[in-house]
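In what follows, subunit A forms one complex with subunit B and a second complex with subunit C.
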Partner chain A sequence: MRRLDLAVLRRRPGASRDPLMVAAGIVLGLLCLLALVAALVPFAGSPTEISGPRLSPPSWEYPLGTDSLGRSLLPRLLEGIGVTLVVSATAVLITAVLSTAIGIVAGYAGGWLRETVMRVVDVLYAFPAIILAILVAAVLGAGRVATVSAIVLVTVPLMVRMIAAQAATVAHRDFVTSARISGVRLPVILYRHILSGVGGTLAVQGTYALSVGILVEGGLSFLGQGVQLPQSSLGLLVQEGAVYMVAAPWLLFAPAAVLVASILSITVIGDTLRDRLEPREVRSLA
Partner chain B sequence: MRAEEPAGTAGAEAVLDMRGVGVALGQGRRRRTVLHDVTLRIEPGRTMGLIGSSGSGKTTAGRIALGLLRPDTGTVTVSGMPYSRFRREHAGKVQAVLQSPQWSFNPRRRLGDSITEPLGVVARTPHGPGRIDREARRELCLTMLRQVGLDPAHAGRYPHELSGGQRQRAAIARALITGPEFVVFDEAVSALDVAVQQKVLRLIRQLQETHGFGALFISHDLAATRIASDRIAVMLAGEIVEEGSPADVLDNPGHPYTRRLLETL
Partner chain C sequence: MRAVLRWTLTRLLIMAVTLLGTSVVIFFAVRQMPGGYESVVLGPLASEEQRQAAAERYGLDQPVLVQYWHWVTGAVQGDFGISLVSQVPVIQELALRLPVTVTLALMALSAAVLIGVPLGVLTGLRSTSRSGGALGRTVAGLGISVPEFVLGSVALFVVSSVASCFSVGNLASLSGEPATLVRALVLPAAVLGLYCLAATARTTRDAVMNVLVEPHVTAAVARGETPGHIVRHHVLRNASVPVLTLLGTITAYLLGGAVIVETVFNIPGVGSYMVTGLGRHDYAVVQATVLLAAVAFIVINTVLDIAASLVDPRVAAAGGRR
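And now, the complex of A and B:
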């Protein structure tokens, strides 16, 4: 059988047409790699050891300078990147699982169930993220668990909403109706047809949630409610740096730059994913 | 719901027997009667065409015939069995070919998997043949693909690799793979261009002779319905205003609405 070969039908070859996406991927990949390598082999020195003069500017020996206790900033920053990414990624993973389960069921069922879920989500969504996060930290006590829970609570509403909306769209497509007519059981329909239909939304919302997660972790740690000393995180380092902003600006600049770079690159990746995975669609009756 | 009618009073048992079906949709003030006292009877191996303009209730009638929607009044039986809470009792006996070639198949699954999906359900029902192994499924799938005029190699393809006409043929293959007694075609050829429509309609007729299923052919296209149907019912505002052979209804319409419907084409 002859196969059509039109430019429109051909898949876009790789990511080569999105230099921005490639750049973002490289930045993020490099950050992850650095953090991972530093965790395995402390090539930049120990993050907790007090080894040098206090508030020393960047030098050959201390590439990013030293902090107010005389600890080298570079290993602390590397540890911070790792902690922030792990905390955010864990939270986003939990969010993704929760939101997918809730969103798929609510979106497919529709009716009062979806309305109820949506109203609860609206209430959560109405709180400013950081207030909600502080509330969680206050209840659970500052630390990693609180940070992860806070990120989950902050990112779940949007994700549930988007996935429920997409699931509702997919639920009305003819192939789902056909499966229902054939007598396919509900859990199978949800898994086989709806889940695969919300995959794109999940990927896009997941990346957005990751950037929100990093931001919330930063905010919480900045307020002293997140990751606790002596462990470092990006937010914690920014907070420390802010204290010596005038005397030692490098202490603020480096972690803030990394924070911005990671959030920016994740957002760029999310935007590109959205353009690719969520094409405009034509709807039809079910 | 009861099935009080003794089956098979007039010759063979009807594959679809809808009696006095009425339904209202919507909530509160927006609640509207969509169907009023609709009675349809389809004999085995025969096709009932259901025509009417948009919003006349054709699709709702189809949904009720498929058991996707419960009527407020009246009874529906398929091969003498009313729809129960569990659709699985009808699994494999009732199938449908729906409107949109674009979404007739899950875009992320291979056609072969989609076409054999109904088999998986039938295998696990009490009246089913028990487990159908992989090889048997594959064999059935390839047979069905050949019967609907598609290259068996299409089983390994994804829906986006096929044209709209090919996808509707594949949808017919999926509908017939369980050997159903009753098939609903809901605007099944409306999205196809005229030449392809003709081919698919002829295919449906031909398959009906070999498989012997009864069919409800819902369409707003009179020419297509004439080719596909043995009898035609005309719907207007949720009621059947005329029913008869295609020649009677389309060449000699009794109801003024049918005449108007014909004139608009």
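And now, the complex of A and C:
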């Protein structure tokens, strides 16, 4: 006879005791710190200086080896982390502001306004992420501006949808109705009541959008349509590494590992945030 | 049943609106691309008369709306115009490349359905146990955190350094035998499949976990039904709607051309056609391939929305609210 686990458990919100979450936080924090310090004090050397033999394997002098032009990989990687994080974070910030404004108004107003917004969002949503990104890069010309705009356009549809749905739910709560009856002006209702109601959704979706942003930046740069040389980014470094992977595998594996580590830690943080901010019951049936 | 009918009609109407909007966006976005039709066809040294002749030939002297109308009516009939670079009808090239992309898509999709769904159900059912919870989180997290271009490059590295039994990057003949095609696609399909599998497992796990806490499952447990019976009769069908939606998104994505994987592995599919078209400013190709990807997404999603209402009538009863 197999055991039936009848008890319904509420997932405990003790995220700080979750080792996976702690590890993810440390990894992400460390990456940000390293990139920041390297940008202020070039402790690992210059990312553009051609200083050593070409394609030399990792050594004491070049901790991660050198690339095809003889540049040390470590400072390039540090610069790449910074560029990738800044580009994605900027884009997600823009997405968050835009989607919150649109989502709150559309969700609160409902009716034809929300329908119209949703149809526009549907159109954007119909393009696969990387194709939309390539199209944006083709129109604006490859570079950082195009990358940021591409990430915004890719992440906006889902976030508007989620925030509008959440705002619509909050808009029907009693405290909103009572605020309206007592004559609170519309901007105040939106700001004080609806905005705080969508905060959790915003945090969770924002985190996921950040990992999508890093993915899009990586893919776009990998195709040569994103961040342009001589600047480096994680996607660009992976692409370079893929070219020389037989002769110099460290060029591929170092940036690839960093890229995966950052996306993975952001995803873990997003999952934990979601479990914490939108708690739900869990149960096993085995 | 009336609710389902109304739902279907609403979905179809929304599909039409979205298709219209998408085609407009594609058409005008492509016209914003730097360069111009004439420069692409004639090169920078062409004379003014040559440019005018080319503009006339491609209908560029007509008002934009007329151009749009010609493009859309042509596309509906399968006429995507002529490639500016190769001067071959786009549809001919697509007909050669589509089978490659479809084969790749089917291979990756089967991984998602055959492995991802069962894995998601299993880890979802055991989400509170230590091992089940960790396994589910790790598989789902890792799979969606390793970008395709990283996984693809690493896979190429592994295969090229170890003696290989798969042929890689060797799809010179588009119209090769099916067996050759499949063998050449094993590695890229595995890379794509892993990504699809992880996303499917993640969604399935979430959906199962959401159903498990519903009162009707509690009632079934109280009635003394066996776990297997509960899973088959109460959990799977209720959990299937989000999974169906995700599988639709994945299928559309794969059919639109897995741009990055096709580039990494040098596969002559629809996705790489789009990338080369962009590189050469071949507007006709870009328009056609992007439209194809978007139409695939919209149509598949509409079909699945309607299918969802048949599987779970509550979807339709909830009305147009999503």
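In this section, the second predicted complex is superposed on the first by the 263 of 286 C-alpha atoms of A that agree within 3 Å, B and C clash if a C-alpha of one lies under 4 Å from a C-alpha of the other, contacts with A are read in each partner's own complex, and residues count from 1 in each chain.
One rule holds in what follows: contacts are C-beta pairs under 8 Å (C-beta built on N, C-alpha and C of every residue); 3 or more make two chains touch, one makes a residue touch a chain.
Note that the coordinates shown come from a computational prediction; the quantities given were computed from them, not determined experimentally.
Once the two complexes are overlaid on the shared chain, A:Ser196 sits against subunit B while remaining clear of subunit C. Shared-chain residue A:Val238: touches subunit C; no touch with subunit B. Of the two partners subunit B and subunit C, it is C that touches the larger number of subunit A residues. Contact with neither subunit B nor subunit C is seen for A:Ala101 once the two complexes are overlaid on the shared chain.
After overlaying the two complexes on the shared chain, residue contacts for A:Ala179 are found with subunit B alone; subunit C is out of touch. In the superposition on chain A, no contact is made by A:Ala39 with either subunit B or subunit C.
Shared contact residues on subunit A (touching subunit B in one structure, subunit C in the other): 282, 284-286. Taken together, the subunit B residues at the contact with subunit A in this complex read 59, 66-68, 87-88, 90-92, 94-96, 98-100, 102-106, 108-109, 114, 117-118, 120-122, 125, 151, 153-154, 161, 171, 174-175, 178.
Residues 14, 17-18, 21-22, 25-26, 29-30, 32-34, 125-129, 132, 137, 141-142, 144-150, 153-154, 156-157, 160-161, 209-210, 212-213, 217-218, 221, 227, 230-231, 235, 252-253, 256-257, 259-260, 263-264, 274-275, 278, 286, 290, 293-294, 297-298, 322 of subunit C are the ones that touch subunit A when the two sit in their complex. On subunit A, the positions that touch subunit B within their shared complex are 1, 3, 173-175, 177-185, 192-193, 196-197, 199, 282, 284-286.
Subunit A contributes residues 2, 4-6, 8-9, 20, 118-120, 122-123, 126-128, 130-131, 134-135, 138-139, 141, 165, 211, 215, 218-219, 222-223, 225, 235, 238-239, 241-242, 245-246, 249, 252-253, 256, 259-260, 263-264, 267-268, 271, 280-286 to its touches with subunit C in the complex.
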